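Both of the next two complexes hold chain A, though its partner changes from chain B to chain C.
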Partner chain A sequence: MTDRSDKYSNKYKLSISNPKVFDAVKMGISILIGLTISFVILIFVSNNPVNAIITILTGPLTKTRYIGGVIQSFIPYAFAGLSAGVLFKAGAFNMGSEGVFILSGVVITAIATSPITTSSILHPILCYLGAIVFGGTVMILPSLLKAKFNTNEMVVSLMLNSVYAGVAAYLVRTFLGTVQRGSNSSKDYLLTAKIGNIYEPLKISVCLFLLIAVTIILYLVMTKSRLGYQIRLAGTNPSFANYSGINAFKLSITTAAIAGVLSAMGATTALLTQTSYYTPSQSLVGIGFSGMLLAMLGRNNPIGIVIAAFLVKYLEQGSQILYFVDNKVPSEIIAIIEGVIIMLVSSQYFLRRFRERKLLEEGLEEHAE
Partner chain B sequence: MKETILKLDNVTKVYPNGTVANRDINMEFEKGEIHSVVGENGAGKSTLMKMIFGIEKPSSGTITYKGQEAKFNSSMDAIHAGIGMVHQHFMLIPSFSIVDNIILGDEPTKSIFIDQNEATKKCQELSDKYDFELDVTAKVSTLSVAKRQKVEILKTLYRDAELIILDEPTSVLTPQETEKLFDQLRQFKQQGHTIIFISHKLEEVKKISDKISVIRNGVSKGTYLNEELTMEQLTNLIIGRDLDSDMDKYKTHEDFNNEKALEVKNLYMEKNNKPVLDNISFAVKKGEILGVAGVEGNGQQELVKCITGLEETAYTGDIFICGNRVNDFNIKKRRDVGMAYIPEDRMNDGVAGELPISDNLISTYYTREDINKKVFMDTKKIDEVSEELVKTFAVKTKTAKANVNSLSGGNVQKVVVAREYNTNSKFMIAEQPTHGIDIGSEEFVHHKLIEMRNAGAGILLVSANLNEVMNLSDRIIVMFDGKIAGYFKDANDVDESDLGMYMLGAKRQSIEETGGALND
Partner chain C sequence: MLNNIIETIFSMRFLLQVIRLATPIIFASIGAFVAASCGIGNIAIESIMTFAALAGIIGSYLSGSAWVGVIVAVIVGMLTALLITFFSMRLGADPFLIMIALNTFADAVAIFILFQFTGEKGSSASLATKSLGVIDIPIIKDIPIIGEIFSGQYVLTYVCWILVILTFIVLYKTPLGMRMRACGLNADAAKTAGINVERLQKLSLALSGLFAALGGAYLSINYLKIFTKGMVSGQGWMGVAANGIANGNYLSLILSAIIFSFFRAVSIIFSSNSSFPTDLVGAIPYLSVFIILTVVSIVNYYRIKRGKVEEQ
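Let's turn to the complex of A and B:
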């Protein structure tokens, strides 16, 4: 008897009927289909479609500066993805990450432009701390409003995003601006605030290690901690979480704060590694929203999200390189690949029949035994 | 020789998650008979009915309807062929009138408009023909459950159903309403309709059926004429052994010094300016089961809400759990002082279906030391505990890692009971603990409740199932209209019909008599 069940569980692990294996296979096939579709488009727009697709796929690897660009630019997106992943897992539809990014930018800029310290180690740390405290606080606002006034988190957070964008533009123009750059951007950051690279060719900075550490911690928290367990329960069935004695209000505030902190880390990383001044209408726009797509691609799993962020940025880099060598192909081609992949991955029906047939076979096999 | 209307040949169904729900089922249904299909939860009745009604397709085997092989792609095909189904959960739109609900999807038209007059006329005629006593222009939201069920049946008749499948039709009805339904079913039978009757309540099955088919573990255990079978034989066929319904012999009688697990004093609650709980006082001692009997809707749900603190509710009076006044406690704190709770709505409150069984087995004590390490939870220990519980509670699953959604109703309830049992609480509220689950699981749950009682837990058993209350309880209170209408010091001396009189409000005890509920 035990013999038989062991045999079955082994098979279960390796087979497509295992949800995790299925997700991985589905992801792989989605990417393949996305690439195939873009290849078909390339046939029409490019004189040398084979070269073009190869450039997209391998271009970033041809020069260290390219892959370095990927490494530098994917980190803020990964943080945004982690932020959205935490919220989605908890069943909260708070879309405030975008706003937190833009508004934290002001706080970071304020700290980075003022000579509060001469230490080039302490100054970035202060920027991070300021942003973290600020971002964590700002993000809980939609959850607070929901608990107190039963407002809709999604609507409130989206509205607040617009408010924050306006406030950020005003603050930068009024308090942090400089005549040299017109009224839309801040003055230059002090050199002590900027984060240099540890390994210049690949643009590896300390932020990469920060991201890795945060991802591992977050993964452990989500899978092994009591907080992660609460988030799982509340995210799948709020009534059950309530019945089990989990305080929904406290939990929603906690998760929002964590998400805010993660977004703030992303904003700080983006500003201190990639720019030397802040333009609210440009610098950080869209990262928060992209985070939601990454969370979806990564199935709300921290490690999956980080990998997704890297791959997306890699393909974007590839398409930009392609534009340099073959300017008939707009770099927007990558948006098509991304769109197709996200659509297929998030589809409940895609490949479902395939999996069901396999399950059916296994079910009948077991029945025959 | 009667004519066969529906025939199943070697029908097998394997679900996408790998479960073999039905295996080589052979069954024959004749025109004009009432044919019951019985079996435990998860035995495969529902799947079989879904295949007949076109919702699911058989993996192999054939279904022959009126001499032709039926290959239904959807329930629409089945409906057109003349098969109707009344689901356990009604499929009605409350804000629509009866007529609108009945004609939905099959509206009589005049040019491009719905012919309301024609529709109303047709529906009213149909209702009158079968003595349904319905005003078909009334809105469904204003109807009682029994009347809604009639609307569901009318829906099938309107579509000229010859074969009507009734899935657990009596689970929502009072005994009187059930009797009425049976009269109507007999009338259908005389007019040549065939009825397939699905039910857990074997007394009713015996009462109404011409033939009975039994399914166990997805396999048919044969079709019998009703007269051929005794109740004992039927039970034996369903669960594969004799049922042990005498719970008294398992009870031990230890003395727990009259310690009180729960004490409720002068509980009063209003809804719409009407008292729904009116001066309720009683106590549950450690080592006893106090049964709360009553027709649904006489204040039991409100009582449970007040005691568990599941929702914030406004009431006056005092509630003590294991000696602590808990009025201002939330559910977490109440659990901390020793409360466990088996909720009535198990799918909503009792489990998270999309999470593994193991996650569901620890939710009410996940902070407990034995399953936690310093920083993280002890996943290894949790797996051990879950596998152990799955084994002791005979939850039918390959592994505790499977999602709760893959379990049948009875097994979901076992998960809930296993978890609450494992809290080692001194006070337990069991709210409709066996509602809608099969007799095998029911028996199991009963045994576990007795086990907890013997170990010194006080159990408040709230149930609409009179047999359950009488079999399990040490003492009984009856609720009627928000009050304690009757109190019985010894459940063994209670007469069922007497209890019924109190439940219906025909008899009522004085305050002095019911005072024993608190003080005995």
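Let's turn to the complex of A and C:
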């Protein structure tokens, strides 16, 4: 028999029977399988597959500007991932993040191109505030329809994404465009609106600290607060949540608003740090959708999502460097690696038998003692 | 100018356009419907169509035969569907997550494969591929109006309408279809009645993959005769939406699919008229799906509330 202290030590035991260790091992094996499959593909595609896989894995470390590029570009994706993570945790399949990114880009551009203030601190803050209010509101619509009328939120949000893309393109063309860039893109942002880097070589800006702060707050809200508990409960067992008196309608609206705010923050960060003008058909396309994949990779845990965003952008940077070296391998190879990893990581039973055998062995050993 | 547009909408050319545009959406719709009637929401239709469209073009390029292309497309579509069942049934993953992942990666994976054959990321224009043509039905083609509608359509359009009828017969008139629908209505009860639920769900998802694949093959081999990046552009999702509106009613499924293709045709006509903002006109089909889906769900909500219909 085990006493209390034994059970406590079990929590930190470095064995596959410990769920946390098991998760880490599973993630590691999934990544290995993903890389192996991509290596097999590289054998067929590339003349020098060994070199190619090494370039993907270590390429970004070879120059500071590469790693700086990763640091700068991963932040908006991390925000998108956090946004999707909150929704998935609540069991909501609202995919409006993509639309929020593209449409709030218009709001950000409108604020960033108008001389409403001369302060270079206040101007970006105003951009963030405008986007947050707008993005939070826009994101609510599919969830509201779902909660009230049981409309299919997934289809609605996807269709709205396409509508928003058209609206954003129209608004930029008619009101914010400039003939110099063929009217598809906006005018240049005012210098006061742009966010500079604190440490130039690694492209570290205030936004990195904003992301860290938001991640910590979100982590605390999700694990320690009443709202976080309600969200998790609604995600794991909606009917129990309902019977325990949680207002499902209010909760789904709140969740969507939080997700919208996070996406809007991502959009603002992307535009103010990376570009000086907005092209609706280009600038922010795909970030919202990638967020869902990052949420799956990070198992809906805010900290896990941010790490996943960094690693994915790192691999993407590596594959882009590879394309420079070996133009037979398009950077889309990364999609295959990511796809395999995500599908394996979301599989509950993957490696389960392995763990069960270990548990059984340990149980027998304990019994023998 | 408005007269001009109304005149176009009531013209024969427009009707033919709607028929051509309806084919992939109807394929997608019956794909979503077959899976849903067995209790699985297949939201991967969009990605299956993308993979199949590409596989069809490559199959047709390698073999020199358009029909081999169609067969390759169908095999790839069914394999993709079975990949979903492998992850969801064997490995215990949430099927929705697997399908979302598939949809998100579909374009990038397709571009990667396309690049290996063409060296381009945009389209398969540089590949010499065979494509399917149209069928002229003897006698009927000489009848005025009717001849134009029923004859001279694309090959896969005929396949599509035959499958619409066949699917209806199988689902509603055969024991197999009844068992499949039983799984969708109450999987536990079906299990108790001795039905192998898992096997039927696999079958229905494979069928769903087959229909979606034919939709993709129609786009690449039959209609546009080329594979281009992002060519499916939400048509798979329109199928999913049509299934959501139908809510188990086969007739309204087909009707919704036709209405969606009507709005796609409208959007194409408006965009050829330069006096409208093209960005907004391009959004018309998606906006129409959004509005119809929302209105239908609101109407259903109030019907359930008033107690006219039992909640499902």
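Quick notes on this structure:
What we mean here is this: the second predicted complex is superposed on the first by the 351 of 369 C-alpha atoms of A that agree within 3 Å, B and C clash if a C-alpha of one lies under 4 Å from a C-alpha of the other, contacts with A are read in each partner's own complex, and residues count from 1 in each chain.
Here is the rule we use: a contact is a pair of C-beta atoms (placed from the backbone, for glycine too) under 8 Å apart; a residue touches a chain by one contact, two chains touch by 3 or more.
Since this is a predicted model, take the numbers as computed values, not measurements.
With both structures placed on the common chain, the touch criterion links A:296 to chain C but leaves chain B unconnected.
Of the two partner chains, chain B is the only one touched by A:224; chain C is not. After superposition on the shared chain, chain A has more residues touched by C, the comparison being chain B against chain C. Shared-chain residue A:239: touches chain B; no touch with chain C.
Applying the stated contact rule after C-alpha superposition, one finds that A:167 touches chain C and leaves chain B untouched. Within the superposed three-chain model, A:356 lies in touch with chain B and out of touch with chain C [touch as defined at top].
Of the two partner chains placed around the shared chain by superposition, chain C is the only one that A:339 touches, whereas chain B remains out of contact.
Within the complex formed with chain A, the chain B residues making contact are 14-20, 23, 59, 310, 330-332, 335, 341, 343, 348-355, 359, 363-364, 366-367, 372, 375-377, 379, 398-399. Of all residues in chain A, only 5, 8-9, 12, 17, 220, 224-226, 229, 232-233, 236-237, 239-247, 355-356, 359-360, 362-364, 366-367 touch chain B in the complex they form.
In the complex of the two chains, the chain A residues touching chain C come out as 45, 93, 95, 145, 148-152, 154-156, 158-160, 162-163, 165-167, 169-170, 173-174, 289-290, 292-293, 296, 330, 332-336, 338-339, 342-344, 346-350, 352. Residue ranges of chain C in contact with chain A, taken from their complex: 43, 87, 90-94, 96-98, 100-102, 104-105, 108-109, 111-112, 115-116, 121, 234, 237, 240-241, 244, 277, 279-283, 286-287, 289-290, 293-294, 297-298, 300-301.
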